[in-house]
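Notes follow the structure.
Order of writing sets the chain letters: A, B, C, D and E. Residues in each chain are counted from 1.
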Amino acid sequence: MRKQLYNVGAILKGLSITFKFMFAKRPTIEYPSIKKQHAPRFHGLHELRRYADGKERCIGCELCSSACPANAITVIGAENSPENRKSPGERHAARYEIDELRCIFCGMCEEACPTDAIVLTPRFEMSDYRRGALIYSKDRLLVPPEAGVGTAPDERPNGIPADLGRVAEVKSTVDVDEGYNATNRGQVLKVQRKGLAILKRDD
Amino acid sequence: MPDWIIILIKSAILLLVVVTTFAYSMLAERKVLGWMQLRPGPNRVGPWGLMQPAADAAKLILKEDLTPRTADPLIYRLAPFISLLTAFSVYAIIPFGASSAGTWAIGNVNAGILFLLAITSIGVYGITLGGWASGSKYPLLGSVRATAQMISYELGMSLSFIGVLILAGTTSLDGIVNAQAKWWFVVPQFIGFIVYIITAVAETNRVPFDLVEAETELVAGFHTEYSGLRFGLFFIAEYVNMLTVSCIASLLFLGGWNAPFGLDNLHVPGVIWFIIKVGFFMFFYMWLRATLPRFRYDRLMAFGWKFLLPLATLNLVVTAIIVAYMGH
Amino acid sequence: MAAFWILGITLIGSAIWCITNTKPVYSVVALLLNFAALAAMYLTLNAEFLAVIQMIVYSGAILILFLFVIALLSSGVTPFSVGPNKLPRIGIPAVVVLLIALGFLTYAVNRVTANAFANTSPTSPVGPVGTAGVFGSVADFGKALFTTYLLPFEITALVLMVAVIGVILLAGDQAPYVASQKQAEEVRREMREAILRGGE
Amino acid sequence: MPVHHVMGNEGNYPYLLALWLLPLAGAIVNWAFGPQLKSAAGALGSAAIGVAFVATVLMWGAATQSVPSTGGVNLVGAHQTLFSWLPGFDFGLLMDPLSLLWALIITGVGFLIHVYSIGYMDGDNAFARFFAYMNFFVFAMLTLVLSDNFVGLLIGWGLVGLASYFLIGFWFFKPSAVAAARKAFVLNVVGDVGIMFAIFMIFASVHSTGFGDAFAFAGSYNTGWLFAICLTLFIGAAAKSAQIPLQTWLPDAMEGPTPVSALIHAATMVTAGVYLIARCAPLWSQNQDAQMLVGVIGALTALLGAILGCAQWDIKRILAYSTMSQIGYMIMGVGVGAYEGGVAHFFTHAFFKAQLFLGSGIIIHALNNEQDVRRMGGLIKTMPFAFVAMLTGVIAISGIPYLGSGFFSKDLVIQGALQHGHPWLYAIALITAGITAYYMCRMLFVTFLGQYRGNVDPSDLGIRHPELAGTSAHAAEHDEVHAHAPAWLMNVPVGILIVPTVLIGWLMFGGENSPWAHFFAQQFPHPALPAAPISETLTAVIAFALVIVGIAIAWARYGVAPAQQNAVERLRQESVRMPAVLTNAFYFDYAIDWLFVRTSQLLGTLFGRFLDPQVIDGAVRETAFSAQWLGTLVRSFQTGLLRTYAFLLVIGATCFMVYYAVAMGAAK
Amino acid sequence: MSPMAVPIADYVGLSAVIFFIGVAGVIVRRNPLIMLMSIELMFNAANLLFIAFSRAWLHNAGHIFAFLVITVAAAEAAIGLAIVVTVFRTSRHVDVDDIALMKG
């Protein structure tokens, strides 16, 4: 008898817990439209930066490639010609490809780069329907000229790239500025992720 | 207009109302479950997800309707309709409110509550036949479980009704509601109410008594093999049954369309009170589903036969004795 | 009138379907239809309580038990019947005999109806006092059942109880308690001695 | 339908329902939750009875009310209709002075005995079960006395038999207890059957089982029919109240725990027969023959019990025979028509016999279940309280004038016998009074005077079955350490009982003008009687003289100093030389054995050895051979196929149908 | 109460037809479950008569007895099915032609 009553009590307790939860604050982030804010040094998709004058930082030294534990980076360097200087130095990267399926996002390339050309951004939305689309080549890694020069991780305000859309305020330690809504840069990336650029390259 | 046209119109309206209610109660369930699990629930289709039911319906209708090779074709196709038919036909006698012109019901049957029992006792055929006709083992197990469970719990349910019948002195549903003008029967029949709530959950195969469609053990129980619209019919039947037992609970124990706590002078239409009460029970079902784990099968049967049935019988005997000595 | 014929044809049709099906489950469905039609016919005969009871008890309990047993036993795997039919040619003679019986019965009934049931339309219903005009209702039925027909009712209750015990014995766990023979013998002997000593 | 006669004023009496159902509730709770309740079971069981007693007292006013009814007859007491089962059987509760008296004893004395049992049964491993049975008994007994109809009475009658069976066989590991329980049950059922036949006959006459209907019809029965009713009723009464020749179960029933003996086999259940006859006084008053029969049997039982009491050594058996004898008095009283006397004797007897039993229980408990008085002696020094208790009881039962309650009631019975014109019964009753005094004092002296003989070898005392004396299985089990409950739990009820034992008889003092007579003024018929040839005072003097003689003989044999000197040798001599006719209780067991059991067996043997194999079987065998032949023929039809049988059945039915259709056609 | 629209003889005829269909089922079929169902058919035919006559004479005795018949039918079905289950347990199939222990 006592046991039965105990059971009733247990059921009532369970009901009260679920009822309380109904009015509790929900931690859900409505992801596609609102994204979670990451740590400033979050290791996401790579990007190749430029100098302020628009030149590429990468000099095609292949240090990143040799530092990569997953052998995900392929760099083929080429000489700069005076009429077409891609980078300030003698050489530039003719091809620069990262296989994001192999990449383990360890940041060794970032460490190894002598010119701070390759950095890991907090972007993480890389899913695609084809394996090939996940081999990012230079045209997708390099910051487009109209989008600025790219930001070094240490200078990145709150570690939020400008193209992530609305950000959920989930970490009270970090203040989020307004103005980080979708920008031109985000739009560009969106278009590229649809594979248009890749198709162009395959042609 | 001849009577039968009026009845036809009434039925059509009612059908529309019930189906809409089904659709939105399904949405509400997903919402409530979400909230209780700290999720927002469906909110993508339309504002606050209000178009979700339409989307679901479209999906179910457009889905391919499969019939397994081992299935018994006739009964396999018949079963969902039996479920649906019995689920809907109960609404013929449920009164939703009353005005000076009479009660709001399609038909006012004198033996209303018995009619109801009769219809619900047929409802199990849909599940049993569907499970049997699927021609595979999980549905069969599910349907055998359904049969045993529903026969067992129907006894407790009927007995919990009888306490109310003794107090009301009538078997017509509006008579019962009118008898509760002063005291809702949940007060004198509290044990009956508890028994009814438990058996009603079991009769509708809802958590924690959803052994019939236990995902973890029986894949999906009796409707494992069903897909598309036929699955949808079972689904509708389940929710409509839920709605039915909620209506009955409101009518029998919570005073139907009577205003609570002497709030008569608010002049709120009775049907509003009724909807609030039914809504409360629907919410209670969802609440239970969010809270309780499933019963073990032998515990389920032991609980039904060794606890609920004696309890309901005791309640009945005590009620009868008290009524016999105190008068109505 | 129309209802009688529609229901009557349904009744006969479903009954024939019930006994001719090879699949027992189809028979159950046919019988379900039969019971439903019968319940409807009870309604036309002002026996609403019986109609409801017919549905609850017959369809809701008895027939579902058949279905349960079919699902339990065959489940589509084991055949109900193995071996040859030992009476393969009984069908036609049985139907012939039954038709003869039916013919004579109809004849007899028609002869009797002519005089015995000629004027059977009493003007007042036989109901308990104070509930006039409620023939066939729950109140009428209940009063009669618990007053005039109390004894048959109680005997039926006894029959049901016996059936319950019988079913448990037949289909239930079969491990009756057997006390130790030796111990029983010992106690019996001691009691016999105690009786002989007269308790002194 | 005849007019429905009711006794008592109809109404709702919550106390009446409460006092009836409380013991049942106690029994159910004790039975269902015994293991959980542990030692609280005793308190709970006692409380249920205690509250029922309070309810009984609260019913006093309603039970004694008297309202003139339309028929010119006063309606006495309270009546509550419970339900109607079948036509002619309406169940209800009736509480008039007679029921009230019994209910007071059942709940009042019952309560004291329950309290006493808490102490007595302490440490028993079926403590809660005991109280469940006791409460159940009280409920059954209340059903018996509160029922307003014969069927309810019979239900109660059967249930008290069942409760008695449970309680006698309470220590079911003792084969003797089980045998005694069985014997009691079987003999009681004989009585039940008697009452059942009486109910059939009453129902056949009045088409009702209600007391009111049956008694209102009392003057209209056929004389022979009425005698048969009274006779069958008396069979029931005799079985329950241990009257000749159905008395043999009562001494054996002492196998049960002592509180059981006190409550069931002394104070209440065995007096059910007295209740029955008193209740049916309207029937008996109409039939002289029945009165004579009952009176004679009562007197004979009184005498027989008293004589057998002189020959017993087991303290509880002595009390059992004295119970038998005293109930004989009561039965004689109500039989001859002195209802108030018989009932009065029930009333006083309930107190003093409970007193005696409980007193003996204290001794038995203290001596570790020793019941043989030969192994007692000298207990006055060690147990003075028990002595006082037993002494007051003995004084009461012996009928010492004005000192104990028994004197008044016994006097009423004896004088009643004479008044109603039965001088022989009067004489037997007087002699019995003397013998009673003798054997009660004998028990008292042997138990309490002289030296303690518990350490003497059983054979030196002439105990024939030493293994049966004081060494029951129960005793053996609790031989070593027996944690005794506080003595006051047993002493207080006994102490309380001393008061009514000594004083309650004064109620009857004053003859026709006593409160007692007034209490029953409405209940019993008071026919005008001729003055008795011997006055009441003279009867008292004669009785007292006989009592003094009895006590003197007892004193001379067991009390005086020389007797105490060589008590062991004297007791041995007496035990060994006891006439066989007495040790075997007048061979009643053997007589029943010979008359019924053996004859049945003999008849069975006759049938079995001769009639059956030779005559019947001979005929059957020949039939069988022909049947076998026929069977071989018919067997060929038995295919074992169910459907064939069904088909044959249908063909048969069709033939009938054809026949009737054709016959009907022809009749047209 | 209005008199019956359908003459009582029609009910008798209908009841007889259903009854004989039930009888035929018992005789012809050898599946015990269907035999039991046929017995239910016969019970129902009897019930129909009870109720038709009850209505014709406006006396509720027919109702009572139909009710009792239903109750007894429930007991009968339970026992019958228990026997079927027991037979199935021992022989793994149920065929009335094999249950012929009473064969002469």
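Heads up, the rule we're going with is that a residue touches a chain if its C-beta (ideal position, glycine included) is under 8 Å from a C-beta of that chain, and two chains touch if they have at least 3 such contacts.
Here the structure is a predicted model, which is why all the values come from computation and not from measurement.
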For chain D and chain E, chains touching each: C
Distance in touch steps, counted as few as possible, from chain A out to chain B: 1
Pair sharing more residue contacts (C-beta pairs) when C-E is set against B-C: C-E
Most remote chain, CA-based centroid, reference being chain C: A
Furthest chain, CA centroid comparison against chain D: A
Inter-centroid spacing, chain C versus chain B (mean Cα positions, whole Å): 29
Centre-to-centre distance between chain E and chain A (centres being mean Cα positions), rounded to whole Å: 78
Rounded Å distance between chain B and chain E, as computed from the means of their C-alpha atoms: 33
Chain centre separation (chain C, chain D; CA means) in Å: 49
Residues within chain C bordering two or more other chains: 49, 53, 61, 65, 70, 72, 86-87, 90, 94, 98, 101, 105
Interface hub residues of chain D, defined as touching at least two other chains: 639, 641, 643, 647, 650
Chain-to-chain touches, reported pairwise for every pair that qualifies: A-B, B-C, C-D, C-E, D-E
Chain B to chain A touching residues, read off their complex: 32, 35-40, 43, 287-288, 290-292
Chain C to chain D touching residues, read off their complex: 86-87, 90, 93-94, 97-98, 100-101, 104-105, 107-108, 111-112, 150-151, 187, 190-191, 193-195, 197-200
Partner chain C, residues of chain B touching it in the complex: 70, 72, 74-75, 78, 109-111, 114-115, 117-122, 124-125, 128-129, 131-133, 135, 137, 140, 143-144, 147-148, 150-151, 154, 158, 171
Complex contact set, residues of chain A against chain B: 11, 14-15, 17-19, 21-24, 26-28, 30
Contact set on chain D toward chain C in their complex: 85-86, 175-176, 178-180, 183, 251-252, 255, 314, 464-465, 468, 583-585, 589, 639, 641, 643-644, 647, 650-651, 653-654, 657-658, 660-661, 664-665, 668
